[in-house]
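Since the structure comes first, as structure tokens, the remarks are kept for the end.
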Amino acid sequence: METSIWRALFYLVGIMAFAGLNAAYLGWCERKGAARIQRRIGPCEAGFAGLLQPLADGLKLMSKQLLVPQGVDGIIFRVAPVLAMVPAITSMVVIPFSGNIEARAMELSVLLLFALASLGMMAILLGGWASGNKYAIISSARAVSQNLAYEIPMLVTVITIVMISGSMNLREIALNQMGGFWHWNIFRLENGHFLTMWISFIIFFICSVAETNRAPFDMAEAESELVAGFMTEYGSMGFGLFMMGEYLNIVVGACLTTTLFLGGWDCPFGKTPGVWWFLLKIYMLIFTFIWIRWTYPRTQIYRLLNLSWKILIPFSLANLLITAALIKVF
Amino acid sequence: MTVPISLRHDETFVLNLGPQHPATHGVLRVILTLDGEYVVKAEPVLGYVHRMHEKLAEGGTFAQFMPNTARMDYLHALAFNHGWALVVEKAAGIEVPERAEYIRVITVELNRIASHLLWWAAFLLDLGGFTPLLYAFDDREKIIDLLERVTGSRLTYCYMRFGGVYNDIDDEFIAGTRAFIKRLRSRMPRFYHDLVTHNIILIKRIKDIGFITPEQCRRYGATGPVARGSGISYDIRKNEPYSVYPEFDFEVPVFDECDSMARYMVRMHEMEQSLRIIEQALDKLPDGPVMGKAPKVLKPEAGYYYSAVETARGSLGYRLICDGGKNPYKLKLRSPTFSNLSLFGEVAEGMLLADALAFMGSLDLVIPEIDR
Amino acid sequence: MSGYWSDIFTGSKSLVTGLLITGREFFKPVVTEQYPYEVPTMTPLFRGHIELIGNEATGQPNCVVCGMCQRACPSTCISLDGKKAEGEGAKGKVLTSYVLDFTKCSLCGSCVESCNFNALRFSKEYNLASFDKNDFIMDLLKRLEDQNRCKQ
């Protein structure tokens, strides 16, 4: 059963569909959410409530000419957008959507997810460098230093979770939190972990916002300074793939946060766990991403790095020590 | 094989913050020499929007120049109208009735608030906060609707005439203005200060950025909020009073910190002071005609005349040379933003690119006014 | 170092306050006007392009072809022409053509202000858009005739 061809096909098609729909309709969600915060309507003409707008955008992007400027590195320029999408879709293989729905349960799935996230960062670096545009290179350099700085507190926080759950398998971590919201890692009422777990959650959330290059940490594509950052030279579908890759990264970040901290597919009162709870939680987290983006201005690059190196890393390291001590004591 | 970026021997490269750029408000080109992210040299290149307004003034009569004044700084067009009306009235010796003076002050101050609101929105847009733009435009729309009710235009007003104003204001305008004052006062603490001014990200972004010493202000002739944010307390409305400003009780906000935050706070407080002036003007509004006696064809005596007004960006000066004919002989405008922008080259050295752009935003530039 | 903890504390508080403000705005109604479905009405003093005022009884323009508007205009966008009035006892001139080049007009109001015969006023046209420049070289006499016809 594990290696049946039907299962593989089902998950292949399912994940591609999930990823495709999310990449397209998260754009719609963002525009509508932003519009409502700004007291206006947002897309409303294309289809009912603008639901065909992503289709219209996709058609427009596909019909444009994919301009490859002279003097760019041909192969890397064309590969970089694809490299932005692929790790995000691949990450969905190991995410447990529910007790029964998981493409492949791996023992080291947490490690796999972080490795794939770094591949995504490489895509930004390569895209900017291959463009041969000064704006793009400045933006790539900023993006790389930002992603590096924020991976560290992220990993340290995940280590605390792994220590508590005793395994790196995402499925095991989620199963460890079943039974009601007081078992969830964000609250963790046993063994005194509740004192520090919410700090872990906040640190992890901030890091995932920074990893996905979302405002207030979106220096890489700071529109008013660098025109479009590393995406300046990309036309039609290259730009489309970068944007879709960014949205998929947000989905994967939300899925990871849910599985690690919010109990995966568990119901808050422990009654009927299922995939709907998982989807509800990730969409609430994605709404928070959108909410944060449209409220705050952009930080400065050195303030961003200060935040990581001087505030998040000491807090996460202290958190790690306290958690280790609590595990040892209890 | 990529195109190599030519580095100089000291590893700097030249970046063109080109004429088309989302952050330069208008058509301004800045040639930046960057070392990594640090600005080594910044050189603004002007003249992309030069439309020869001053020469156009010589080709027509005095009254025919009035629409041009609004096109120069379209954000505070009524102040430019006011300045031109003042200088020609000084030249020709025309008296303006009281009611017209009060109406001029009310409309100019309303326009000042609209200009500051747009500055605030655009500044935050540069810094990456997209939502405050729409909250500010919600308020600005109310002001523009009020001014449209009186002048007929929404942005480029041609409302003042020599001897008064074109239309009278009615009770609906007065009621609408009072309602607007109440609305803006209630929205300020929440949407402007809680959401933005006290936001830690914004504070870290503009505090201690872009120091302009008072001595630099004097050297370059910077006026307006740029100078008042550096401790120089000079406002044409108080120091060289014109129109009926001496009748009103208002303060001129001056901050000593000399950074972008000081300039930001000066403009926020100026909005509140403008609301005070409008309230007092509405209370004291006299009855009477709105247009004084002015000859149809103006032929002022030959001579040199100068008049200055305080716009949202600084002190605007009109220098008019008449030769006794019905056209001006020569007109020169002293544009406040031109002097403010000339600080940019010196102050931006050594800053990071994003800080330099935040500093440029805090100078409140309107490029058509620089180029005229 | 002393600012470290106070920064974190006040900073987080300001961030949460900001989020609450935008969060509340999310649920409030829309303030924009949905243009093609809700059309705005112009205020009485709104300045659209100028139009001729016709006599209440006869429908003929009040214009006596004095040329003051043409002289007052800073952009030279008015060109008018008239011929001597015919018939017995008729004095003055009659308007034969009045063309406004709206591509140059700056809506300053000098023409309306300078007319002593109540012949010009601002219209309320605001949504002028066209692909052809010639649509903006307006024949105001024809416009007056069309308006008269519509009134009947």
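Every chain is named by a letter (A, B and C) in the order it is written, and numbering of its residues begins at 1.
Going forward, a residue touches a chain if its C-beta (ideal position, glycine included) is under 8 Å from a C-beta of that chain, and two chains touch if they have at least 3 such contacts.
This structure is a prediction, so every number in the text was calculated from the model and none was measured.
J.: Which chain, with its centre taken as the mean C-alpha position, is closest to the global C-alpha centre?
T.: The chain sitting closest to the overall C-alpha centre is B.
J.: Looking at A-B and A-C, which pair shares more C-beta contacts?
T.: Output for the comparison: A-B.
J.: Rounded to a whole Å, what is the gap between the Cα centroids of subunit B and subunit C?
T.: 25
J.: For subunit A and subunit B, let me know how many angstrom lie between their CA-based centres, rounded off.
T.: 44
J.: For subunit A and subunit C, what's the span in angstrom between their mean Cα positions?
T.: The mean C-alpha positions of subunit A and subunit C differ by 51 Å.
J.: Name the residues of subunit C that each touch 2 or more other chains.
T.: Residues 15, 18, 21-22, 31.
J.: Do you know which subunit B residues sit against two or more other chains?
T.: In subunit B, the residues touching two or more other chains are 131, 138, 195-196, 199, 201.
J.: Residues touching two or more other chains, restricted to subunit A: which are they?
T.: Residues 37-40, 294-296 of subunit A touch two or more partner chains.
J.: Could you pull out which subunit A residues touch subunit C in their complex?
T.: The contact residues of subunit A facing subunit C are 33, 36-41, 291-292, 294-296, 311.
J.: Can you list the residues on subunit C that touch subunit B in the complex?
T.: 7, 10-12, 14-15, 17-18, 21-22, 31, 43, 45-47, 72-75, 106-110, 113, 122
J.: Over in the complex, which subunit B residues touch subunit A? Could you list them?
T.: Of all residues in subunit B, those touching subunit A are 1-3, 5, 13, 15, 21-23, 37, 124-131, 134-135, 138, 195-196, 199, 201-202, 204-205, 352-355, 357.
J.: Can you list the subunit B residues touching subunit C in their complex?
T.: 60, 63-68, 71, 131, 138, 148-153, 156, 158, 161, 166-167, 190-191, 194-196, 198-201
J.: Quick check on the complex: what are the subunit A residues that touch subunit B?
T.: Answer in residue numbers: 34, 37-40, 71-73, 129-130, 132, 134-135, 137-138, 215-216, 218-219, 222-225, 227, 294-303.
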